[in-house]
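Dropping the structures in below, format is structure tokens.
One chain, chain A, links the two complexes that follow: it is found with chain B in the first and with chain C in the second.
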Partner chain A sequence: MNKLQYINSLLILIVLWMPTYSWAKTKLFYLTLENNVFTPSELKIPAKEKVKLIIHNKDDKAEEFDSFDLNREKMLFPHKKAVIFIGPLLPGKYEYFGEYNPNSARGIIIVEVSNAN
Partner chain B sequence: MCFRVLFIMIIIFSGHAFADGIVVDKVYHPYVLPDEQEFEWRLISRQTDDENLLAQRIAYGQSVSDNVMIEGYLIGEKTALEDFKLQAYEIEVRWMITEQGELWADWGMLFEVEKQHNSNDWEVTTGILFEKEFGRTSLTMNLFGVYESGESLQDEFEAEFRLKYRYRWLPQIQPAIELYTGEDYIGIGPAFMGIQRFNGQKQLKWELGFIAELSQTDKDHTLRFALEYEF
Partner chain C sequence: MLINVVILFIKDLLPIFILLCLISTNLPSDTMSLKRILITISMSCLGVVTTFIMLPIISELFGGLGIEILESIELIIIYCCLLFGSAYIVTQHQLTPLQVSLMMTGTIVFLITNSTQFIVFIDSYMAYGDAIKNIIIGLIIGFGICLSFSALLYFVMNFLKAKAYYSLTYLIWALFLTGNISQLINLLQQVDIVAGSEAIWDSTSIVKDSSEYGHLLKTLFGYETSPSLEFVVLYVVSLIIFLIYFLKYSPNKRQYVIDSPTNRTIDNTTNSAKENADVL
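Our next item is the complex of A and B:
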């Protein structure tokens, strides 16, 4: 394989690698941050399914959503909505918190096999 | 799909890699946070039968939008023959293309321009950054194309591939396996990374890896360490 063929192979692999969009309907779930408190503090979502979490920060200051369990970090700008994609996850409890107010801005995502709402 | 692509990549790069210099460095994640600043220090110590090389980088970076971060580096090196001195400067741009978790995998791109301090030699790098979650583990892969040109360099295109498979055990301790390929180089070894959070957005990230070269019988070990303070 010469260098040109090698580069061609790389390009083919890059195309194979490129993002593929999922057209399946992603379920929406909502959280609100107000007075440095997330509500609902416990949110149930379905297991083994990707969901879209929309967080509305109603406070005047920014907050940063952080969860090692969920492997997500997201800046929540004041009076704006942020989107976080979660999952697919196994059943269990996944904690998250706000980095600027970790004592009050806390919550749990409960992943259940069924009856999530 | 992912492991099929990974397998193909390893097969191809194990036989036909072009890059030279120090291949072991850092496996980049394809993520950028807005309003983030960071200081970074990297140390790489490579020992072979013929030479010992110590390279250090210090950097400052800042996100300039929701998905773009710019980082500037000063690179110093020490060899067995030369004392530690400034070797090069570099500017790097990282672009988070997809929202984390939105697609089957997360994607980003990296662009770097490096100039040697004492010569008119340039290196331009373009790379694809990939990360895919599998439960509590994450697979991160980087594919770089490097173009070198200058007064003491032969114009050439090179390619590098880096891989990290990480277990997110605890925030402070996340064991991993890292693999690097470049010209006549296939290195693999254990690595660890961790993160310690402080007040607000402040956090300290650390990475440590020990990479052994596999394709040659001669000694070729690289120890890498990195500290990143984000605020």
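Our next item is the complex of A and C:
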């Protein structure tokens, strides 16, 4: 294995290892997009903690999950799942919406100190 | 739907208008020949179509991190290429062929990155049967707004250039590219490659991210209402790199005779004098 191949393999390992390592400790939350509507429309997550959000687009069209409050933007391709990480966040309400259908595809992430489900 | 087309047009494509405006005003006119422009356009179109087709597959690479990793690489390429290509703004010397190639590469990658998301959006809207009319009107309005803003920016940049405020034009260029590269942190935090952290301030009460001004400021210099520490660090580091680059190259700056009607340079005058002396 030459030097370039070694560096390449190392980089791939780092990229693959870093998220996997932290994902193991992260709580999972789910959102579904169907008929241009996100469900649940209110999602409670714990405060000051990083969480993993899995969004399943059940529609036949692409959508873009967007949130100015969370600084997140993610393409949701038809019939595919997308993963994003959010937090740690302070308690409060954080709005998100589907960029292509902002009137119907809307929701709130409620960050609470305890009793998050 | 109409308003949404306009908003997304401005959000995704205004950066392209601004970049092209900055390039056209900051680079010597002979740098971008017709051949180079045609190569840039055709490569960009090819890249946009390829990326658009491949995007659903790319999104599933690396356990769902594919798009973020691709966009991160694209942002780094854009930053490096346009940084090294920006020597002309500092020195006012002709660009080397390598610098021209870097500028072209940076521009092509920038066009691909920003256009692809808009194409995905248009493709998604085309699924609605009655959407064509709204899409066309929205595209025309969005194009008009972007063109108007570009025209204003073009005149401002030319004014600064005419007054020989090269430090200011360089600062605008540096802020634009810094705002672009700083999005890297949001992308990497989104997929947990860089650890997320709480926002270090919140300026929502001044300018909201979601407002028109918020969009514009974000496009111009990467404005964020609630940036993380990592975002601010990358932003500052990028500006320091631009400052170092400026300090390194500015001693080589070509001096202009500002009041001359033909805008002749001292270098040219000196060279002519030398040539005359050689002839004699």
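Definition applied: the second predicted complex is superposed on the first by the 93 of 117 C-alpha atoms of A that agree within 3 Å, B and C clash if a C-alpha of one lies under 4 Å from a C-alpha of the other, contacts with A are read in each partner's own complex, and residues count from 1 in each chain.
By definition in this document, contacts are C-beta pairs under 8 Å (C-beta built on N, C-alpha and C of every residue); 3 or more make two chains touch, one makes a residue touch a chain.
Keep in mind that what you see is a predicted model, and the values were worked out from it rather than measured.
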item: Partner chain(s) touched by A:28 [first = chain B, second = chain C, both, neither]; value: neither
item: First (chain B), second (chain C), both or neither touched by A:99; value: both
item: Chain B versus chain C as contact partner of A:113, first or second or both or neither; value: neither
item: Chain B versus chain C as contact partner of A:61, first or second or both or neither; value: second
item: Chain B/chain C common contact set on chain A; value: 16, 18-20, 22, 50, 62, 64, 68, 71-75, 83-87, 90, 99-100
item: In the complex, chain A residues that touch chain B; value: 1, 3, 6-7, 9-10, 13-14, 16-22, 50, 62, 64, 66, 68, 71-75, 83-87, 90, 99-100
item: Chain C partner contacts - residues on chain A that touch it in the complex; value: 15-16, 18-20, 22-23, 26, 48, 50, 52, 60-64, 68-69, 71-75, 77, 80-90, 99-100, 102
item: Complex contact set, residues of chain B against chain A; value: 5, 8-9, 12, 16, 18, 31, 33-35, 66, 97-105, 107, 128, 130, 133, 135, 138, 143, 145, 157, 159, 168, 171, 197, 200-201
item: Chain A partner contacts - residues on chain C that touch it in the complex; value: 4, 8, 55-56, 59-60, 62-65, 67, 69, 117, 120-121, 123-125, 127, 186, 189-193, 195-198, 208-210, 214, 224-226, 228
